[in-house]
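What follows is a group of structures, each given as structure tokens.
Both complexes below contain chain A, partnered by chain B and then by chain C.
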Partner chain A sequence: MSIAHGEGGGGGTVVSLAGRYGGLVPAAVLFGLFFFIPFGLIVCFSFWQDFDYKVIHHWTVENYRYVFHQSAYIRTMWATLWMAVAATGITLGLAFPFAYWLSRYVRAGLQKPLLVLVIVPFWTSYLLRMYSWLTILGSKGVVNTALEWLGITHRPLSLLYDRPAVIVVLVYLYFPFAVLTLYSSIDRFDWDQLRAAMDLGAAPLRALRKILIPQIRPGIITAIIFVFIPILGEYLAPQIVGGTKGIMIGNLIDNFFAGAEYARGSSVALVVALFIVLLLVLFRKSLASKEAYGA
Partner chain B sequence: MARDPGVLTTRGRVTRGGLVGYAGLVYVFLFAPIVLLVLFSFNANQVGTFPITGWTTQWYSQVFSDPDIQDALRKTLEVGGEVTLISVVVGTAAAFPLVRSNLPVPAVFRVALTLPIMIPGILIGISLLILFTQVFHFQLSPQTAVIGQSLYTTPFVVLLVAARLEGFDRSLERAASDLGANTFNRLRYVVLPLISPAIFAGALFAFTLSFDEFVITYFIIGGYNTLPIYIFTQIKYGITPEVNALASLLLISSIVLMGTAFTLPQVLRGVRRLVRRRIAERQIVDPVGEATV
Partner chain C sequence: MSEERELTRAELLKLGGAGAAGLGLYLSGGSALAAQMRSAAARSTEGVTLNWLTWFDHYFPQQLTVTKKKTGIGCRTKLAPSDSQIYTTIRTTGSQFDIAAMDALWVPKAHKDGLTESFDLSSIPASKQLYPDARHISIWKDGSNTMAYPNGWSTIQVYYNPKFVKTKPDSYDALLDPKYKGKIVYENSPETMMAFGGLATGAKQPYDLTIAEIARAKAWLKKWKPNILKLVNQNTETVTALKDESAWIGLGNLGVELRVKAAGGPPIKVAYPKEGLLGWFDGEQKVARSKHKDVFEQFMNSVEGQTAWIAKNFIANGRPMFNEKAYKLLVNQGYKHRADLFNYSKPELIFKAHLQGPSKNPQAITDAFNEVFGG
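And then the complex of A and B:
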């Protein structure tokens, strides 16, 4: 089958299959060769063995046994998970009132410019935005200088190089994602429904919880996808502001590769990748099950 | 301003006031790090943080005369140019069949083409590191970094161009072919001019993302430096005012580039609509003699 009818019909063109699908060939080569095949390699490597800075093709589950039996690694995995949960929770918690304000209380003409203003920091380098937190949380940083100037503390607090610093920076980095998705979802909400609920006697917060929240559920799920999932694979934030105490699973992977332990590193990477794919599938399912508001 | 001030009770007004204050704090939170970075870049203090001991542009002249930075900048631009070219060609080509051909299982194609955005950079980085060093035995170089970055930037071009194609009035093409235009001419004179804002935005997007990309690049660029890699190695030794100055320059160029990428299509569309409306107004209003345009 080498021919198919052009959809137009107007010109009665006959377009060959190559013409219709040919556009996908460069993408298939690029993604196939450099994305899907390398992913397959990770799978293979994770079941091979590191030996003397080389990887020998001996099939085994030893890497997984090793990784899941070292308490330090297990701790890092759990820490990554709870840091991601905490950062996502805080980000969404902070973004919701903002998106609510923007959508409900701001004049229609001003909403878009104010929204763009939220995204502007996001246009700038991810590395640099993290870097600037060193000047804020450092021992001679803005926060410590202010606290000492106010006489609240007399010695610099150590705010950097631990998990809380990482969480703060993650919240900062992912906040715009959460605002965007929540706003686009809240913006389609019909506020009359909320008024009706309140006219019928519901307290404002109860009305929000019972009427607004269920309707923007898809927006909330989309926000979680855009915040929680990238945080799971976060490498740079813990590297820069987390120090040794704030490491996440991404740093663990980096350590293995830096030490040329490709097989063990691959096994951790595969665990992360599969977990993320699983989450994506689950989130998409739950998005598909309801009428999509936000996505 | 509320959309219906009449409904606002005292309580509503307090809520609104509180939310306005909160929104102000949010903007402070979002912009403070950027503003501080720029502020410290003019600080005469050697340490690159408080206290501010005077104002200087010395760090900027250091940035401009530092050969390492110049070298890193050159590499960044080279890589960015190549990444942009690859993403635009590959992404635009892929957007057409994605939107126009009735692909079997379209969702699979869409997911496959956008998956690299959802997968953390570190996983792309290490999987390519394995491919290049363990399988192909390539020497890592800026070219291997170009490949890695293209995986991450191409999906954005696909999404932008596909969105533009979705809203494309196909009768224009049919009209062109009724008038005798062949495939090439239809593409050249009808399709490309109409989707060019999306391609242009995609190119700027790809370039900016490449310009800032760190994680993937870090794993597969070998001994070379792009600007983010250079900054990263400098940060390890603490904050320096020179890095502050470099960072400020990069922040500003990123904002300008991304701002252009985002607003250009809208501005163009706005201008076009305005012109069209003016023309329409003239045609409708003029006969009556009330033209005030």
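And then the complex of A and C:
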């Protein structure tokens, strides 16, 4: 340090900058190589053209014009959006009471084992978990067999190959993400505040709405981000359990890449990515605009 | 003995054991001279590792292990998703891959575009095990050379459950009948789905449709869509859907009816639409920019010469191979009826089908498919 000072301010500035930003370098290299450069390539591809299984470096907006002029993509994007909203809503609706119960009523020694149980499905392959739903919801699957055995139905119900089946599987897949995020948020909550609110006359639900929810709002928004955004890009769940009625935008993108139509595929993928970025900005804004308690 | 039975685990082991014994004999050699020659060959190729872009059902890891021991040539395989992706991969990766698998009409395209190099099939002794039809595939000929080493083949036919489908679907238009709403399955393959539409609407080259033919095929596909239950990821899902009767009709490679039966499903019948069948046959090509082109023949000879494993490949993956010697081995081991049900000994059949290949309008094909099935 003394040498740097002795040689003048330049050396000191370098050392100071290195100290301040040195830690950023590994992440910057990682993100640069594996995110920004590939992302830049996707952007370029989306403005190029496919011809005879080759990508021609001819700049054009034709791919975007095509995507926005074809009702099939608009309809599929819309369907993807509402399926993602429905799946996220149901996932959070199930995860919140569970995380609340776990944090408030389960003794500390049992909380961690129960959380481990929530993430146990991650120990098996994603594909295997997906295919298991064919056995559960199939016409000769567990649910239909049980319903017939109980005499509730006399012929198999059609539970697979439609949007509800996709939503059920998405809820199953993303439930652990929501639980973990909500639990970590609720677990830090000071329950005395809730008790105080009720002592002062607030009904339990009102106390939850006015005291608990505002304080765990960052956790709720993080859970929404962790669930909603990956669902927008899903293509395996709709393909395996959705049939031709459950197709999502990811499936159409996959078809382009499988057919080596990289430019067209990149443009649709980029439209979805930009939509996700827009949502992230909105979520971030909603987090920054109000402090806890909604003040 | 009923030959239409399923292969038991013990039988599969027996077949594998026979193969291993055969390989052991092969490896132990018939003479000291042969051993010396093999040893010299192994020394010269020591340290060479080939990169093979292929499909999972083209090899068993044991074949590669034996090849490594016998020739010194190692091999890393990368599984390929589709012909178009293999084509673009070897076009964009320079010398990264040494061998690439492809289907029927894709092979001449890759060769014409300078991505692959033809070779003298007779320089590979194992090629004597192939059916004569496979040794002389006209569309793969480059003068006296060939563009790919033939592997396996299948036609794509219609399978139906007679319990629900009372009239044999003898044309593709029969599949449009509203009574089959949500009861048909096929693979999620835009080019083959569009090819079905092309065949149904009178196209002569269903994998290479013109823009006008694509429009007609798309209109046909729109009528077909309500009857499609699901576009599956892999053939096993077709078998499952036919087995649990969620689907009444499935389109697929040879042998679906046997797989449904093996899975404990109902009897399934086969129909051959009058417009003709789609089909494929595949093979391994020498990549033009490979740095190890000199060992291609030696490697292929070792892998494809392991007859017992080729026979086992047929049993495990259920589609005919082009290896005649493997057929004879299967016959000797009691699998003649099974092999014949797959038309194993009739490789000439595939050359009558409309063969899988590239399109002059690939983007229009995917666009049309997405416009039908999206939303």
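Here is the rule we use: the second predicted complex is superposed on the first by the 240 of 295 C-alpha atoms of A that agree within 3 Å, B and C clash if a C-alpha of one lies under 4 Å from a C-alpha of the other, contacts with A are read in each partner's own complex, and residues count from 1 in each chain.
In this text, contacts are C-beta pairs under 8 Å (C-beta built on N, C-alpha and C of every residue); 3 or more make two chains touch, one makes a residue touch a chain.
From a predicted model like this one, the values you see are computed outputs, not experimental measurements.
Chemist: Please indicate which partner A:252 is in contact with in the superposed arrangement: first for chain B, second for chain C, both, or neither.
Modeler: In the superposed model, A:252 contacts chain C only, not chain B.
Chemist: Return first, second, both or neither, reflecting whether A:50 touches chain B, chain C, both chains, or no partner chain.
Modeler: second
Chemist: Tell me which touches more residues of chain A here: chain C or chain B.
Modeler: Counting residues of chain A touched by each partner, the higher count goes to B.
Chemist: Taking the superposition on A as described, I'd like to know which of chain B and chain C A:264 touches: first, second, both or neither.
Modeler: A:264 contacts chain C only, not chain B.
Chemist: Let me test your reading of the model: by the given contact rule, A:230 touches which partner, first (chain B), second (chain C), both or neither?
Modeler: A:230: touches chain B, not chain C.
Chemist: I'd like to know which partner A:120 touches here: chain B for first, chain C for second, both or neither.
Modeler: first
Chemist: With both complexes superposed on chain A, which partner does A:89 reach: first (chain B), second (chain C), both or neither?
Modeler: A:89: touches no partner chain.
Chemist: So, does A:138 touch the first partner chain B, the second partner chain C, both, or neither?
Modeler: both
Chemist: Please indicate which partner A:164 is in contact with in the superposed arrangement: first for chain B, second for chain C, both, or neither.
Modeler: After superposition on chain A, A:164 lies in contact with neither partner.
Chemist: Identify the residues of chain A that lie in both the chain B contact region and the chain C contact region.
Modeler: Looking at chain A, the two contact sets intersect at 134, 138, 140-141, 240, 257, 262.
Chemist: Within the complex, which stretch of chain C touches chain A?
Modeler: Those in contact with chain A are residues 81-82, 84-85, 87-88, 91, 182, 188, 190-191, 225, 228-231, 233, 237, 240, 244-246, 358, 360, 362-363, 365-367, 369-375.
Chemist: Please name which positions on chain A make contact with chain B in the complex.
Modeler: Against chain B, the touching part of chain A is residues 7-11, 13, 19-27, 30-31, 34-39, 41-42, 45, 55, 94, 97-98, 100-102, 104-108, 114, 116-118, 120-121, 123-129, 131-136, 138, 140-142, 145, 172, 175-176, 191, 195, 204, 229-230, 232-236, 240, 250, 253-254, 257, 262, 265-266, 269, 272-273, 276, 280.
Chemist: Over in the complex, which chain B residues touch chain A? Could you list them?
Modeler: Going through chain B, the ones touching chain A are 1-3, 7, 11, 15-16, 19-20, 22-23, 26-27, 29-34, 36-37, 40, 47-51, 86, 89-91, 93-98, 100-101, 103, 109, 112-113, 115-116, 118-124, 126-131, 134-135, 147-148, 150-151, 154, 158, 170-171, 173-175, 177-178, 183, 208, 211-212, 214-215, 219, 228, 231-232, 235, 239, 243-244, 247, 250-251, 254-255, 257-259, 262.
Chemist: Could you list, by residue number, the parts of chain A that touch chain C in their complex?
Modeler: Residue list for chain A touching chain C: 50-54, 66, 70-76, 79, 134, 138-141, 158, 160-161, 239-240, 242-244, 247, 251-252, 255-262, 264.
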